[in-house]
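See the structures that follow.
One chain, chain A, appears in both complexes that follow, with chain B as partner in the first and chain C in the second.
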Partner chain A sequence: MSKQGKQDGGRPRKRQEGLVVQELPEEMLVYDTDRHKAHCLGPVAAAVWEACNGRRSAAQIAARVTAKLGQAVPVESVWLSLRRLGRARLLEAGTALPAGPRLGSRREWLKRAAALGGFSLSVLSITAPAAAQAATCTPQTTCSGLQNRLCTGAPCCTTGPNPAPPGTTCKKVGNQNNCSCAP
Partner chain B sequence: MSDASVLGEVASRLPTGSQLRPRPLVDHLLSLVVGGGAGRLRRLHLLYAGAQRLVRTTELGEALAVLENHLQQAVAEMAPRRLFVHAGVVGWNGKAILVPGTSHAGKSTLVAALLRAGASYYSDEYAVLDRRGRVHPFPRALQLRNGDEVGRRIAPEELGAERGREPLPVGLVALARYDEGSRWRPAALTPGRALLELLAHTVVARSHPVTAMATLERVVSRAPAVKGRRGEAQETAARLLEAAS
Partner chain C sequence: MGRGAEARGRQVARVLRGAWRASPDAAELADLGEAAPLLLRGGSGGLAWWRARRLTGSDSILEPLHQAFRLHALQAALHEQKIPAAVTRLRERGIEPVLGKGWAVARLYPRPGLRPYGDVDLYVGPEAAAAARRALQAPPAPGAAVDLHGGFAELDDRPPAELFARSQVAALRDCAVRVFGPEDHLRLLALHFMRHGAWRPVWLCDLALLLEARPLEFDWGYFVAGDASRTEAAVVALRLAHELLGARVGGLPAPLEKRVLPGWLVPAVLRQWGQADFAPHGTRTPMAAELRRPWGLLRALRMRWPNPVEATVGRRARFDDRPRLPFQIRECLSRTLQFVRAPGDAAPGPERAAER
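The block that comes next holds the complex of A and B.
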């Protein structure tokens, strides 16, 4: 297969099931209801994702995105965006991505992405909090330093320097003098 | 409740805006069995939500703390027409400044500094948003912590501030994490990133993502958002008020 043929080999298709989409003037927010992850797609990444209909090659996607955004978007940008969209599981499972240039390390990919306009290609992701995680939490260190009569009863923080196990609250446990993060 | 003598304590911990409704049917039943007693035989304090036991403790204060936390969380999860985002909120020049953040990120301290600088008080815990993206007051007393101590409650009036009464459009979203010695040099966030940050602090992000994202979109499409590390609250508060003017 020629180099061009290999690069055109994959026809990515965007995932549609289990997603909630909120469009913004230049970006796109996508919420994955299966994994409870939210993704913010930069302008190029959003346009690339929208163009993934399972019939277009990377070069065709690049042409379409260029027309949509009114600025030249090289096929390299499409590769990088597809790689990120794939990692965020926003493409159909089993989709064969167009083969891109062989860039060995993550650092090389990042350098290439920055050179092509980092923000516009970006796919930022967060895990949506469970309801209790969005409430005021007590750090485990603070909780274990409290005397029994001062236990907060609040969920223990699952992030930070000394994270507590998920689903625990700051409470009295057994005959201990101090509070603990416990289920 | 098994002991009427703790009624006052319970009433003081009810969520803001609570009203007595003499109706025989309830949506959610909470039961507080007050224990105590002297000598060797001490009964435990028990708190139930329906049939589920929430806490079993010898300390009444702990049972009440769990009750308060449970009620607040229930309101935030079940409010049908409001979106609760974990954030401090003050009013300034007819607009609201939102300070989203996790617990112990220094939200209440920054809110207190904003109040001392002349802002009006809306909340140190939740930004309560309606479908139009306006913020409503959730004015429980501020909970200020000092080191590892449990927070002490102070009324905004003690800081010379007024309580906000009317819903306000959001004028600024400021993600400010306390980092000793830092200077407030925030970076501007794009609307998409701002929405992502707000979603990370939204109580019903998982259960109602459509409503949450639509409401937050109304906030970020009108209000600028910034993010950075802050040092002393007083300096940051002055800069935030300047930015929101």
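The block that comes next holds the complex of A and C.
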């Protein structure tokens, strides 16, 4: 744990930098632009994450989430959510998580999570289904095989066998002979 | 291709019927199971999930569609973060862009993620094109994948001043983004759909959505004004939205509501939608690169063979009952000639056709 984390004294803070958030009525989607990973937060996990301002304890977060969702959310749910948010790196690095119950095995955690509300607590990783494509795009493999005068200028495919990072287009970069998928 | 492709295309059409509405009826699971790969591939996975989201006991079918919806919703958030920077960059240089397609239509769907888009189409007057290109290329990069149009593509049969006068301003975060007026946007989307051979079903959903969400004061006289062959193609596209997807056409002027489609058109569009190995323009290996490979020419020609819709639009032909093969041959020859004249051209095909 970092020095900063110790100073936080178990009051987690949500990560702000390098994330793009899409709030939907049923869930919250978070894209980590540093790691190119996407996560889907269920209602409780989303509310817990929103409440992590670095000043609230687990009990205070639970009270806030209960008020927000209009249903009782026990502190245990907050612990579980924080654990998952931490694993997904959605909390600030070095944030100290509030001390929770010691649950040994993964199975024990899963059982506890299911008992506390299943999906609403979950932090799912979003994976691109094969060939789900937003628009006409150039596969990264095709792009990198083209001579630089033939670059398509089209967005690079973010799905498929060799996905390019989102927001890139197939273009000439510097003095390279071949095209690249670049921002 | 053939009957099998047409049947698959019909399943795609059935799944997308009414999918742009806030509360569509649930889709049939049997259709979903078979059509899911095509729907995902064409960017309609989110819409399919929207129609099927209340179905239960079919996770293996629904989960990839749901994930596609989530992925597209995140991509929308990424775009929305970047669009204002591109628009502001141009404004700072005294250029007012109009945003068409993409975000301009996606924002009208009931949820982000239902209508994916990969780039940001900004339209500027032809006189401002060079300055706009320089502005967008200047470091730091604005981030968004901007498709800059110098001129108004399918709308260039209308005076730019009128396009601007009818344009509207929509809020995107803290930025006011100029978008086309409803008549111009519907015409632009209809012509874009037809010019690209009607290949992407989600583009027809756009037409259905815009048709049903049009304002009371929608000016049909203005919608049909301009180049006659483009107007015919646009009207045919709207009729297709009704026939294939069930778009409501009540209240349309009689010539539009009663337009009869030629017999070849609906099967041609369904075959296109059901074609599993179709490589759309923009994903193909450029012709010049293909020619360096054995059998490259044949492969390239096969991939670029224009479908009947593309050929009709490209040849500015009537949408009537005459056979389409002669138009397809002429369109193919025209593109080949275009390539021979400019072999370095990376994108021979419908994109250039609009600029002819």
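Basically, the second predicted complex is superposed on the first by the 116 of 183 C-alpha atoms of A that agree within 3 Å, B and C clash if a C-alpha of one lies under 4 Å from a C-alpha of the other, contacts with A are read in each partner's own complex, and residues count from 1 in each chain.
Keep in mind that, in the parts below, a residue touches a chain if its C-beta (ideal position, glycine included) is under 8 Å from a C-beta of that chain, and two chains touch if they have at least 3 such contacts.
Note that the coordinates shown come from a computational prediction; the quantities given were computed from them, not determined experimentally.
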So, A:Ile126: does it touch chain B (first), chain C (second), both, or neither? both
Given the touch rule stated above, what does A:Thr169 touch, chain B (first), chain C (second), both, or neither? both
Please work out whether A:Met28 is in contact with chain B alone, chain C alone, both, or neither, and reply first, second, both or neither. first
Regarding the shared-chain residue A:His36, is it in contact with chain B (first), chain C (second), both, or neither? first
Looking at the overlay, what does A:Cys151 touch: chain B (first), chain C (second), both, or neither? both
Output check: A:Pro183 vs chain B and chain C. Expected answer is one of first, second, both, neither. What do you get? second
Which holds for A:Val20: it touches chain B only (first), chain C only (second), both, or neither? both
Please indicate which partner A:Thr138 is in contact with in the superposed arrangement: first for chain B, second for chain C, both, or neither. both
Go through chain A and flag every residue that touches chain B in one model and chain C in the other. 20, 22, 24, 27, 29, 31, 38, 40, 126, 128-132, 134-139, 142, 145-146, 149-155, 157, 159, 169
Chain B touches which residues of chain A in the complex? 20, 22, 24-29, 31, 33, 36, 38, 40-42, 119, 124, 126, 128-132, 134-139, 141-142, 145-146, 148-155, 157, 159-160, 169, 171-172, 179
In the complex, chain B residues that touch chain A: 55, 57-59, 61-63, 65-70, 72-73, 76-77, 84-86, 102-104, 125, 148, 150, 190-193, 195-196, 199-207, 209-210, 213-214, 217, 220-221
Residue numbers of chain C touching chain A in their complex, please. 37, 40-43, 45, 64-65, 67-68, 70-78, 81-82, 102, 111-113, 116-119, 141, 143-145, 280-283, 285-286, 288-289, 344, 346-347
Residue ranges of chain A touching chain C (in the complex, touch as defined): 20-22, 24, 27, 29, 31, 38, 40, 126-139, 142, 145-147, 149-155, 157-159, 166-169, 183
